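Here's the structure we're looking at; comments come further down.
Should a chain be cited, it is by its letter among A, B, C and D, assigned in written order, with residues numbered from 1 in that chain.
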Amino acid sequence: MTKGTHKTVLLTGFEPFGGESVNPSWQAVHQLDGCHIAGHTIRTKELPCEFDHALTQLNRAIDKYAPALVLCVGQAGGRADISIERVAININDARIPDNAGAQPIDTPVLAGGPVAYFAALPVKHMLNDLHQAQIPASISNTAGTYVCNHVMYGLLHYISEHQLNCRGGFIHIPYLPEQAMHHSGAPSMSALQVIDALKVMISSALTHDTDLLIAAGTTH
Amino acid sequence: MTKGTHKTVLLTGFEPFGGESVNPSWQAVHQLDGCHIAGHTIRTKELPCEFDHALTQLNRAIDKYAPALVLCVGQAGGRADISIERVAININDARIPDNAGAQPIDTPVLAGGPVAYFAALPVKHMLNDLHQAQIPASISNTAGTYVCNHVMYGLLHYISEHQLNCRGGFIHIPYLPEQAMHHSGAPSMSALQVIDALKVMISSALTHDTDLLIAAGTTH
Amino acid sequence: MTKGTHKTVLLTGFEPFGGESVNPSWQAVHQLDGCHIAGHTIRTKELPCEFDHALTQLNRAIDKYAPALVLCVGQAGGRADISIERVAININDARIPDNAGAQPIDTPVLAGGPVAYFAALPVKHMLNDLHQAQIPASISNTAGTYVCNHVMYGLLHYISEHQLNCRGGFIHIPYLPEQAMHHSGAPSMSALQVIDALKVMISSALTHDTDLLIAAGTTH
Amino acid sequence: MTKGTHKTVLLTGFEPFGGESVNPSWQAVHQLDGCHIAGHTIRTKELPCEFDHALTQLNRAIDKYAPALVLCVGQAGGRADISIERVAININDARIPDNAGAQPIDTPVLAGGPVAYFAALPVKHMLNDLHQAQIPASISNTAGTYVCNHVMYGLLHYISEHQLNCRGGFIHIPYLPEQAMHHSGAPSMSALQVIDALKVMISSALTHDTDLLIAAGTTH
């Protein structure tokens, strides 16, 4: 039990959804279990692709590990690079049912919660460190309105509400090559490169107290 | 002066930016000036593509017209359809300088303001009515981090802070065909269709008090 | 019967295929029937989306009208601009069955025919004239391997084999807006603009004997 | 000298062009020099990104090695998968000058040559074997109109004209990750996966005398 020493990083991935047989997030994340980065030990957890249930599981893992950093990772089929999410919004609008069959439409993640939370991460340092490592990456301004955004919002709310001494946020990753071949023309990234990217981002998030001022916005 | 009767709609477009010689938003918007839709008169305003200054101008126009509805419209070069923005976030992160040369990076739109505002619009009704009219449209979950998001955030904050009896939000539109031909392979939409879309959305926003529950989310 | 005077232009479109209820090519083409452009009368023909049968119908129409110019037009769902096809290749490789249920794989359009034919059109003049008219357009180097390429190859072979005093080629056009709304994020072009584009290209093809030397290639 | 025994495979890549500091084709290709696949030894050659000169160099290498198979590999920035080119056309239309400053527009690769050559490869077997190996891949129907298409046409003409007992064709590959990070949102493929793909394709091309009949066409 590391509570109090804050020497743990919690890394989560998701189970497959939307007809896929794997989820690249868990494929990459689980390979880092037990690794040591910047004086911290990585703990991993596979989350169900289910509204609410995913959050219960996530919160339980946070209670268990009392991590100094939580990075939740999810699949963004169609995106070509590592995207660091900047913001989570208080809405569920499911284009397809989740793995338990629920399809909430325009419900809040948390009734009465704020409209949004910004990632509690030095996102620009993480971006810069990925680029230094020659890994394609960008800042994203939407994590969607499905279970990924739901988990990111729930994570940041939990940290805020319990005033945890913990950083946290969400990372979206492309399809694996073996998935992309079933989606004509979709970009992919190898599991090896995703693992490298996660290591870079964990180290970056643990070692920078303030963020870097570099432009990484979009005009729309 | 329509103050008190709430029979005005304020429609704004932007001046050109980013090296373009026109901005499709103002090209479309200005043609609706003086039109009557659902018992309201359309008033239009061209906003400068400048942080802060755009908001000063917008707020002045709101004070002048006391509109029942404000729709701000902006160019989203590269998008193919009408996108109804769901949320504005409290950040400026300018990829390129604005028309006054300012390039804020990770500053708030409004210091101390909430992280985000949801559009004060029946976005799903508007989407549905556009589809009924055979116009390509979608809900967008990011208005970017440039002047468009800045104006949307500022608008919603102004409505909220002054407790105006006014709906409001932001619409992104594609390049015009004459712009798209300079951006190899970029999609476009004719000014005529954009004007039709604006009419549909204004009517929709004025006549629906509650929103429709149809899925229009994204998984990421 | 205009044979010998060469004062006719034959314009063809296709019937719908691939689950669509309309084909934008015929929607645009049929509205030009009977029009006069550069001293020529437009005749139109809707071709079936069927291998071989489409060519029989096309050849019959050529025999009937003895046109000075044949432009065959087809739908390219996903493309954003008018594309002038540069070349047709001697192969059928059908990703989906045609409207008669045939799905040829790697068969020749014409056994023993040349590997390919270049369009018998001043493609660069046509491109330039479209751009002068502010219409998004490009040269395409593949018409695919379905019925469109099949018809283009067949047309050019017929012209060549019978040494007709006739120009000819193929034009691909985007989805109509009412189609694009069912293909999330797909670009579209209004029927009005397609009709304008066809007029420009017909006039251009009829009035330029040699082609213009402007770069319009692709690196891959 | 392997002439007569046909136990060599010639693999070519290109030098960088278009402002890039590396070319992924040569980055991958040169690592296979000296390898043995299906009883053949791989020989590699870096070609200049120059019209005509590239062909002189290629032909010299063919004369030197008398290969049983020639695969020329080139960069297709923006494509997401391995693309096996089906056809080369007899035209040069350079969007940008080549590395020697030449920018031919609508000139033939070979005056008086046929309009096109099909790849002398079992392209469907190669595609199928890549998919069996879980590598994203597709058949492409255009190699563009730049030096890649030029080299492919020249290769196939040389084989045909000299009636060489040699197979040959062209493969386009995506950007490397370190290139893609400079092209916002562009897909990439790791050098490791490209090398795996080349091995699969070489083996496939050497071991299949006839091709497989599987659909891999496009509707446009």
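Following the convention adopted for this analysis, contacts are C-beta pairs under 8 Å (C-beta built on N, C-alpha and C of every residue); 3 or more make two chains touch, one makes a residue touch a chain.
Composition by chain, UniProt nomenclature: A, B, C, D = Pyrrolidone-carboxylate peptidase.
Note that the coordinates shown come from a computational prediction; the quantities given were computed from them, not determined experimentally.
Novice: For C-D, which listed pair, A-D, B-C or A-B, repeats its interface with over half of the contact pairs the same?
Specialist: Going through A-D, B-C or A-B one by one, only A-B repeats the C-D interface.
Novice: Give a one-word verdict, same or different, on whether chain B and chain C use largely identical residue numbers at their interface, taking over half shared as same.
Specialist: Same; most numbers are used by both chain B and chain C.
Novice: Using only Cα atoms to place each chain's centre, name the chain farthest from chain D.
Specialist: Farthest chain from chain D, going by C-alpha centroids: B.
Novice: Measure off the straight-line distance from the CA centroid of chain A to the CA centroid of chain B, and report it in whole Å.
Specialist: The mean C-alpha positions of chain A and chain B differ by 30 Å.
Novice: How many angstrom between the C-alpha centroids of chain D and chain A?
Specialist: Using C-alpha averages as centres, the distance is 39 Å.
Novice: In angstrom, rounded to a whole number, how far apart do the mean CA points of chain B and chain D lie?
Specialist: It comes to 48 Å between the two C-alpha centres.
Novice: What residues in chain A touch two or more of the other chains?
Specialist: Counting only residues that touch two or more other chains, chain A contributes 79.
Novice: Line, ring, star, complete or other: which describes how these chains touch one another?
Specialist: Ring.
Novice: Would you mind giving me the full set of chain pairs in touch?
Specialist: A-B, A-D, B-C, C-D
Novice: For the complex, give me every residue of chain C touching chain D.
Specialist: 18, 74-79, 86-87, 89, 91-96, 103, 105-106, 114-118, 124, 139, 141-146, 148, 172, 211, 213-220
Novice: Per the contact definition, I'd like the list of chain B residues that touch chain C in the complex.
Specialist: 79-81, 131, 134-138, 177-178, 180-181, 184-190, 192-193
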